[in-house]
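First the structure, which I've put down as structure tokens, then a few questions once you've had a look.
Going in written order, the chains are labelled A, B and C, and every chain counts its residues from 1.
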Amino acid sequence: MTASPKYLLYIAMLVALVLAPLGQGNYIVYVLCSWLIFSVAAMGLNLTLGYAGQVSLAQAAFMGIGAYITALMTMAGYHWLLAMPFAILSCFGIGLILGYPALRVQHHFLAFVTLAFNTLVFLVLRNEEWLTGGSFGLVPIPRPDFFGFSTFKQVPFYYFALVCFLLAAGAMAWIVRSPWGRAFKALRENPIRANSLGLNTRLMTLLAFAIGSGFAGLAGAMMAPLVQFIEPGSFTLIHSLKILLMVVVGGSGFYYGPFLGAAIVVLLPELLRFTEGYYLIIYAAFVLVLMVFSPNGLIGLWQKLMDRFRTQQVERSDLKDGAQL
Amino acid sequence: MSEFIQIIVSGLSAGSIYALAAVGFTLLWQASQTINFAQGEFVMLPAFFVLGAMGLGAPMWLAIAVALGLSVLLLGAAFKKLIVEPMLPHGTLPLIIATIALGLLMKESVKEFYSAQGQPFPPIFPTEVVRVFGAAISVADIMNLAVSFAAILTLQLFLQRTRTGRCMQATAQNRGVAEILGVNVKRMVMYTFLINAALAAIASILITPIYLAKFSNGETLGLVAFIAAIVGGFNQIRGALVGGLLIGVIDNLSAFYVSSEYRAAAPLILLIVIIMVRPQGIMGTSEGRTV
Amino acid sequence: MTPVLSVRNISKSFGAIKAVNNVSFDVHDGEVLGLIGPNGSGKSTLFNCILGQSTPNSGEVLFKGDSVAGKEAHELNKRGIGRTFQQLSVFPQMSVIDNIIMAGQEHHGTMLSRLMGAPDAGLTEEAEQLISFFRLDHLRDQMAGSLSYGQQKLVDAAVAFMSGPGLVLLDEPAGGVNLTMLEHLKERLQTYNREHGSTFVVIEHNMEFVMSLCSRIIVLAEGVIIAEGSPDEVKSNQRVIDAYLGD
């Protein structure tokens, strides 16, 4: 019986996600779609950063790789269902190759390697016109059909994105609950102790990074048919930083952190329209303050507040015990 | 041949400026394990202090003095006190994120409050050209090299010959031991931040005449400083110097002989190669693995 | 019968200082060996050499007859060497039961089965037994970081035993633990040794603790073994008294 409120909450969240686009204008539905997509990318980075404790600054580049692979394949006539796994596996593979040398050494070298990698990917996307269309990008990217269910219109596309999102979230929940998830957390908490308990720390860190990159590949595969036009400028370092901030603001290492963070980064500009260009300034200042006061992000802040509330209650019950004695 | 000399000299000139930023970067890492992802913006900003002061009617020399002072105060003392100090107990990760946010904040603020367009920056050195072995070498390049080397040499002498400098080195090498020996560790760390800010300001004033003063300058400069520090050897000033010069020369050579489109790729590839082949850097000594 | 651990002619110097100088000893199955000595006697260096954290200048370490040179920490653990650390080394943001399951899971199944199989890798029952053994049942689901120092030391010990290692190296298990907890810890370690026949090597400063826990004691001073024997023999050895009292 104790589990039932939790399931009710899950059902309520699901219903809210299903009902969200109904009766909304095309633009709002578009924004909701990009929230779903960035949630997937941020979820992946959360595994790398929040669970395994490594900074990756190339999440947007992996999204770009996924998006370009999907665009090129679907434009060549292959079905999205074929292109998507290809995008994910490519990102996973590149993650392994890129992470292997970086994780052999200490410090936060992965951060620097991914920083360089993001810029390299941008250069390749921009310069190899024969393949990527250069700075003109790729257009028009078709939206997929599934056995007669066309995702051409915005609301059907939302449901398509929602299904992808739910599958990704389910996969992530599975990973986090599995012994792998425990190993990732152990890496973040105390890598030396984890190593002494038989955990191959380098292998697991590498896997966390590659899986996180694979999620970015999926996000890219979802992004290409949503925007139908992709260009190198959408996958630069600043976008990687944005995804990183999503994870951190939401609360890195918390399962729901990336969803909250993505909502804030994607939806807040819409709400803060009136601040015009100052939006990024306000946002960056907010992140700075948040990091100083609550390095675990908004969910961490919430938990801290709840803990304070709870300990007060405990103190009160202690007092009561004292009175009874 | 004369062309080659020109390319090498201007590469060394740019490289020596990168080295300034890279040296600051390594100093911060040594003294407080701070990886400053806003280092590029630290080099971008002081040029705007100069422009701002000149806009108020200050002559060039005064504007430069004001920029140096403001940099040391804001990018040195305030950065240390307001951001790094409260965050250190949380570990390196939140601090990395905070410096990323700080870089973004500085960049966007300059863009919104000053200008999104590149601003011409007055040259500090004569724009003349001298001929050496048939190669046209600009006086500014020579002066840049001279000023950067002088700055780094002064720093080296300060660290090795003065009591304060030696205390700073002790702090960087082993905090615990330094504390036992009665070194005021907190103050030494603060000095490091001040020195980093001053180096960044000098780099800013030297490099900005080559490009324009633009809010986005920090992106490339920051990246180049990281790469120089890692390529040279993360734990040494000499390493950062060698790394900076190397990057400057390679950057110029690849722009001329490879393709200007992939110019930016050369340092990145160098970084990846170095991490794979010699992770401790060219001049670095291995610290061993953490895990 | 081959000894569980065999240390042969290990020397390690740092510059001109010989931290460990030609030290040899064997540890036999089921034995509780204490390794003591004044500060700077080379205990920790020796420990690091055994655990592969530093490479000795000469000599070798054999575990069940095989050399452990060049093996990484996780490989040593897989072969059956467990350890604790001088500093607290739990996973603070994980529950006690998760800490203990973590210690066992890498010894069960394959990489794939650890991804696709049960979240607890089928170890809950075993972990709970160990928790009961150390009488930590009431703390099962608490975050390890929220426990008292002594409780965390117990979790740390439990973690080291989870994979059923043939040899456990305990690095100052009694450090900073209060008296009541110390008695509890000692009694539990002795019981574990009796019930499972496992082998311990203990580095410790707390003389009383070592003398009552260990069956044999090796005393190091200035990098060499100066005495070896039962607690009583060691206690009355003049060289040991001199080394500790100094001159």
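Criterion: a contact is a pair of C-beta atoms (placed from the backbone, for glycine too) under 8 Å apart; a residue touches a chain by one contact, two chains touch by 3 or more.
Quick caveat, the model's predicted, so the values are computed rather than measured.
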| item | value |
| --- | --- |
| Arrangement of touching chains [line / ring / star / complete / other] | line |
| Between A-C and A-B, the pair joined by more C-beta contacts | A-B |
| Between chain B and chain C, centroid-to-centroid distance (C-alpha), Å | 47 |
| Centre distance in Å when chain A and chain B are each reduced to the mean of their C-alpha atoms | 32 |
| Averaged-CA centre spacing for the pair chain C and chain A, given as whole angstrom | 41 |
| Of all residues in chain A, the ones touching two or more other chains | 192, 195, 201 |
| Residues of chain B that touch chain A when the two form their complex | 35, 82-83, 86-87, 90-98, 100-102, 104-105, 108-109, 111-112, 219, 223, 226-227, 230, 234, 261-262, 264-265, 267-269, 271-272, 275-276, 279-280, 287-291 |
| Chain A contact footprint on chain C (complex, rising order) | 72-74, 76-78, 82-83, 85, 89-94, 98, 101-103, 105-107, 114-117, 119-121, 159, 162-163 |
| Complex interface listing, chain A residues touching chain B | 49, 53, 55, 101-102, 104-109, 111-113, 115-117, 119-120, 123, 126-127, 191-192, 195, 201-202, 237-238, 241, 244-245, 248, 277-278, 280-281, 283-285, 287-288, 291-292, 295 |
| Chain A to chain C touching residues, read off their complex | 175, 177-183, 185-186, 189-190, 192-201, 253 |
